[in-house]
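Going by the order they are written in, the chains are A, B, C and D; count residues from 1 in each one.
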Amino acid sequence: MRADALAAVLLIPAFAAALLAAMPGYRITARINIAAALATFISAVSLFFSRPQPGAYLLVDDLNSTFIVLTTFVGFTTSVFSASYIGHELETGRLTPTFLRFYHAMYQVLMFAMNLALVANNIGVMWVAIELSTLTTVLMVGIYRTHEALEAAWKYFILGSVGIALALFGTILVYMAARPVVGEGLDAMVWTTLIMRAGAFDPALLNVAFVFLLLGYGTKVGLAPLHAWLPDAHAEGPTPISAVLSGLLLNVALYALLRFKMLLAVNPAALAPGPLMVTLGLISLVFAAFMLYRRRDIKRLFAYSSIEHMGIITFAFGMGGPLANFAALLHMTMHSLTKSAIFFAVGHVAQVKGTQRIADMGGLTETNPALGWGLILGVVAIAGMPPLGIFTSEFLVVSSTFARSPGLAVILVFGILVGFAALFLRLNTIAFGEPRGSTAKAEASYVPMFVHFALVFLAGIYIPPALVAWFENVAKLLG
Amino acid sequence: MAVIADFAVQGIEMLLVLLLAPLLTGFVRKVKARLLRRQGPPVIQPYRDLIRLMRKEVVLAESASWLFRVVPYLIFAATWVAASLVPTFRTGLLFSWSADLIAIIALLGSARFFLALAGMDVGTSFGGIGSSREVMIASLAEPAMMMIVFTLALIAGSTQLSTMAEFMASPAVGLRVSLALALLALIMVAIAENGRIPIDNPATHLELTMVHEAMVLEYSGRHLALIELSASLKLVLYVSLIACLFMPWGLKPADAGMPDLAFGVAAYIGKLALGAFLLAVFESSIAKMRVFRVPEFLGAALMLGLLATLLRFVSRSF
Amino acid sequence: MTGLDFDVAHLLAGMLVLISFLELYQDRLYALLNVFALHALVLALSVAWQAFIQDAPHLYVTAALALVFKAVIIPVALHRIIVRLGIHREIENVVGVGPAMLTGMALVALSMVVMLRVTQEADPLAREDLAFALSVILLGLLMMVTRRNAVSQVVGFMSLENGLVLAATGAKGMPLVVEISVAFSILIAFIVIGIFLFRIRERFDTVDLQALDRFRGERR
Amino acid sequence: MTLWITLSCTAILLLVAVFAVAAGREAAATYVVYGLCALAALTSLLATLQHLLGLAPPAIVTLPLGIPWLGAHFRLDALSAFFLAVVDLGAVTASIFAMGYGRHEEAPLRVLPFFPAFLVGMSLVVLADDAFTFLLSWEFMSLTSWALVMSHHRLQENIRAGYIYLVMASFGTLMLLLAFGLLAGPEGHYTFAQIRAAHPTAGLAALVLILALTGAGSKAGLVPLHVWLPLAHPAAPSHVSALMSGVMTKIAVYGFVRIVFDLAGEPAWWWSMVVLAVGGFTAVMGVLYALMQHDLKRLLAYHTVENIGIIFIGLGLALAFKTYGMATASALALTAGLLHVFNHSVFKSLLFFGAGAVLTATGERDMEHLGGLIHRMPQTAFVFLVGCAAISALPPLNGFVSEWLTFQAILLSPQLPAWGLKLLVPTVGALLALSAALAAACFVKAFGVTFLGRARTSAVQCATEIDRFSLAAMYFFAALCLVAGVLPGLFIDALAPISDALVGASMPSQIGTQWLSIVPIMASRSSYDGLLVFLFMVLSGTFSAFAIHRLASDRLRRAPAWDCGYPDASPATQYTAGSFAQPIRRVFGTVVFRAREHVDMPAPGSMQPARLVVDLRDLIWDALYVPIALAVGYAADRLNRLQFLTIRQFLSLVFAALVILLLVLAIWP
């Protein structure tokens, strides 16, 4: 039974992908998509209760158990959202049924890839999975076949594959470092063995490896200056994909990065990865915060906000220490929930208004109250205001940082404040004032969005002890 | 028994200031007239005016509200209470602890507040002129007064007028720079507050120059009488304030007997006369200044007061 | 291992770096493709040699993959594309060949420094090998950065991957999963690029990226 | 026990908010929601008063919420009890006022849910006993009040107001966050108990003071952090404006007191100087701004700034005396400040209620369009007048008492050993006196132009008296102004435990004194008896009235205004707010606001009127905020170019990053 749950998490999406690729018909495929996502989610939840022993290829531990459930959950809610979203796309004719079939298949492949990357115990497998996720998302970003979509996909593809290549080199280097200690063959790529023996690895080699992994996976995380693909990919792809990208894929890449950071943390002689991550994080945060001001496209706006938050998270992990690490893990979870919910809202807004230009939206709380207030709630949450989860994590990050290195904290606070001001500047135009643009009613299910918000709100007030225990263990490991 | 006596003294004191007030005004007018080689009205003329006004009917503007009719009594009450709290011929009055110098100033402030409102009530341009100029003057005069209070209070270690007066009478005072400055500032403030030349001319209805008269332009009959009375009460108050602070001689302690008190009253009247005379001389010797030069005059007073407060630390008398 | 093994491996790796420089030097598309084919050929050789000295037969597969795909199929296909799309033949460089070469030198020096810091325990073969691989990778990136033309950028990317393969095969006893993934990635990469070139051809007359860049992010 | 009651009241309020979301559309919702708010707040108020007056020991409750290993700590001690009482008092009255006023709301769904939530936020800030809960409630308070400010969102100026407000609020929160970060240390000892136990170093404490002053000051509206206040307070519905101005700014004061007096350890010699200087500057600037205003609600908002300055003067004095161990003097100053907190919350709420009544009756906030309302709405005019007199510090009302106490504290300054303070304190006193006098002037203008004179527009002529609920609320506060003015001793004694806890001493008990007068130090030094003064004035007033009406005449005749013989001019010839302020503008404005007046005369023979144009410049805005905005815009524009690079250029960015990192590795020791 134990292994089955884990296998199910991987196999259900795989089979579903094959099935969906073969099946025509919009409604039925959408339903199957939802069902598959739900099944995956359930089997992932069962991992909470029975945690299988780590094998040579697969592993479930404190770090990834939360993220598996998170990923499958958001994957499920997104599939629900996508059902109503894609229907509208078909009516407006932006998508043809053939492409739709392709879309659903790819969606499940993406789920499979992300789950695999999360549960992989083998750094090679992890790399393969992340590359697979990249390729699938490339295809989905380009699915609209407009100039902009193609260009975004192309940009994403080039930058992404370069990043992938760098990451592969880093992986090879890790193997090279491990081989003299662990010995040749498979063991030298199994994470659980690596983490046990990493103390004896050659530090210099590890350093080089980490640089490449940081840049390689960092590209996927969207850290400035490696971020270029992210805004366009978010803006031009279908919104469910934007939600998955921001909410999950960035997390997965960051998760991979964390695994290797733990390796370095174990090795005393290796250079501390902290400063590198802190620097990249701060650069991303401040840069993205300023970029928010001149955005005219709503999806691109929130894409940049994702960069900003990835920056905060990376910064926190770089700072290290139990508080900052805990905060960062919490922030990852909260951000993926909030940001995907925001994209649900944004998707409907864009469909209602028939555009993504912020200037053409306005008075949303007048025309579509539920949608408008949902968006406001999302922005409030993402801006780190209580009583929503991100406030907690930002509180921990800032307060714990300032006591240790005030200078960094000041930059951090500055970035947060600048981003905050920018977000609400845009929100005012969208949600308030005289109604602008079309005032059609949205026929959409708000359930996924508000479920996410409910969770985020809950986490702002009360965090379940089990989650806390896992996060604290991981925080210790992260050093 | 003693309490009753105290009550009596307090009552006498209140009545005294009330009765002396028009006399003082009349005396000032008389002296001024004489200085101008005029015969001038008799000294008791203000009493006649007041009685005449009381008897007359009130002509009320149509646009006047209830506030307009209440204000005279409010002003009179506030001014009278304030005046009755200033030691005139005897310190340690029964109710002197019920309000210290700051409170007295505040009482006068509230009187002015309501007078200015009354000026705006009818809704004429003249009333507005008067009120706006009055509050402008007050907004500078009050802080200046406050600074003077600071100086004296810091020196005497109290804001209680009786205590201050007793302290000023004691040899511990000595001669201090800050006291001189404070006196000068106090005189300037007093002139401004009472609307005398060169700030304001109580005897004109020339629109460009008038302040106080413009505010009360719409008043008539008993209302006007009360306002005139409170104006002269205010004058008495300031003169006796200067007297009890800077000329505390002849001010009798609380436990003084009857003859002493009689002497005290005499001394007090003498001081009033002196003050009135000096005021008249001063007024008839200079010209009224333009309204927009008033701030400079009062600003000077404010600066003097502040200077006095700060100099207090360096000018020790022993 | 004997000195000969080491020297041959070293020689081949060095040749790869040299050929990367040659690629940088080219200014005609066809010539570039030929040089790339040579690059792939040498890579195949070195992989084969590695297979021989590590007597790890599975590496022959990789060598074969490299030979067939990179040395033959891809250059031919790209030839086709150039002909079909009628791309003008010479390559626009961003920076002149001279500066590019100098930068390349600097990069090679950098990679040597970085890699030779590795302590002596790691066997010398691996170290040298990694140093060369790193330089190949960096040169490939440099090529992608300094070329405006899509085809040459693709070539740059390919040589970067070659560097990866070199590193991977140099890593003694590395499980097959990696080679597969490498070849896999090349394949996917090529296919996707092919799709894109095709799609792009539907819409644009050229694969010059600037045509794409014209429709950049925010419409302004 | 008390703490449980208050907490459950906040929980009830939260439920009310949820209910309001659900049932906000029904007509009766207004009554139900505000009624429930009033009830909950009243319960909490009674419990709190019982705790404060009963001298109960501090109560502590910890709930398993918030940060898991920390939990949510709540504590009800004298200080928080006092401020909670202020909050609840304001809440009760505002709710009652809103039961009438709220019916004129066109979009109740934008107000009803957020009003109870706002109350919850304020109460929780006061009750919080750990940094996290404190900041969470603090920011929640800002958030809900922002939503209320945005309730009339169709006006572009309101959107701007809300935006500036929110940004400034989160700025303040972040500053406080940094302060608590310092106090809590890297291990994150977030509970106030731990913070008290840990004694920060001098430098650390100094940083904490500055951060607390900026953080709490930006919420309280200290100049130059006040810019949001006069924009946001008027934008909200009037009962909310009353709460924001009267209560929320006091929450900021609470935050400052809690951090600086309770948590930050021993004050250094210069702390008080900073606080005093800022307070004095704020007081004068606030009232000067107010004098230049024609918008009634904005004028009131600027007066909030002034009064916050006065409060901070009191706190600064307390800090100064505390630094040099003069406990009793410190107690006097602190009591003065806290008493002014209470007084201001009362009369400022009252005034905002009045402004709201005028707004509903006439739809006008601009005083230049009002006038003569005393005839149309006499009761509102009366209570508003009481409020004006109280805020102008006129005896025997409450505003005077707290200012009097502050003056008494200032007069103790010569006992301070530090020369800087010896000279600074009297100067601040001068500023205080100046601001008091100017405030009186300003409220003569406010009341005179709004309620007196003749109606300037038709909107006024058809104005009617406000409804009963609103009147009840206003009368209640007016009465409170008088009670607190004539019986200040009761309130001062109630504050004793606070000063005992914070500065280790308290003012002598005022209950025993003769005739209920207040005696800060000793009777021979200074004393004040509001009750007696009040009785005196009433007696002599009635006496004179009675005497005159009896002995002289009581005849009265209505006639056109005399006005020096000019026949009845149009209401346009009355003094407007602008013309009323002109003399003061000439005195102060030319320097502070670069006020310039120029008259443009029409050409001879042309018919259009001559105009007097006055242009004022807000130097603080121009000097501080405009540059920041420009800088951010510039940076944004520059960085925005990175959005428009080609793929190759992006690749070269990646390439550069890689090379740089490798270089770092290469040169790493």
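Simple rule for what comes next: contacts are C-beta pairs under 8 Å (C-beta built on N, C-alpha and C of every residue); 3 or more make two chains touch, one makes a residue touch a chain.
None of the values given here were measured: they were computed from a predicted structure.
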item	value
Farthest-lying chain, centroid of Cα atoms versus that of chain A	B
Best-connected chain pair, where connection means C-beta pairs in contact	B-D
Separation of chain C from chain D, taking each centre as the mean of its C-alpha atoms, in whole Å	69
Separation of chain B from chain C, taking each centre as the mean of its C-alpha atoms, in whole Å	100
Where chain A and chain C are represented by their mean Cα positions, the distance between them in whole Å	31
Geometric centre distance via CA averages, chain B-chain A, whole Å	78
Numbers and ranges of chain A residues touching at least 2 other chains	154-155, 158, 162, 166, 208, 231, 294
Shared-contact residues (touching 2 or more other chains) in chain D	643, 647, 651, 654, 658, 662, 665
For chain C, residues contacting two or more additional chains	114, 117, 141, 144, 153, 209, 212-213, 216-218
Which chain pairs touch, all of them	A-C, A-D, B-D, C-D
Footprint of chain C on chain D - complex, ascending	643-644, 646-648, 651-652, 654-655, 658-659, 662-663, 665-666
Residue ranges of chain C touching chain A (in the complex, touch as defined)	114-115, 117-119, 121-123, 126, 130, 133-134, 137, 141, 144, 153, 157, 160-161, 163-164, 167-168, 171-175, 177-178, 181-182, 184-185, 188-189, 192-193, 196, 199-200, 203, 209, 212-213, 215-219
Contact set on chain B toward chain D in their complex	51, 54-67, 73-74, 76-78, 80-81, 84, 95, 97-100, 102-103, 106-107, 109-110, 112-113, 116-117, 119-129, 131-133, 135-136, 138-143, 146-147, 150, 153-154, 157-160, 163, 205, 207, 217-218, 221-222, 225-226, 291-292, 295, 299, 302, 305-306, 309-310, 312-313
Contact set on chain C toward chain D in their complex	94, 107, 110-111, 113-114, 117, 138, 141-142, 144-145, 147-148, 153, 209-210, 212-213, 216-218, 220
Chain A to chain D touching residues, read off their complex	154-155, 158-159, 162-163, 166, 207-208, 211-212, 214-215, 219, 225-226, 228-229, 231, 271, 276, 287, 290-291, 293-294, 321, 323, 363, 365, 369, 380, 383, 385-387, 391-392, 395-396, 398-404, 409-410, 413, 416-418, 420-422, 424-425, 428, 432-434, 460-463, 465, 468
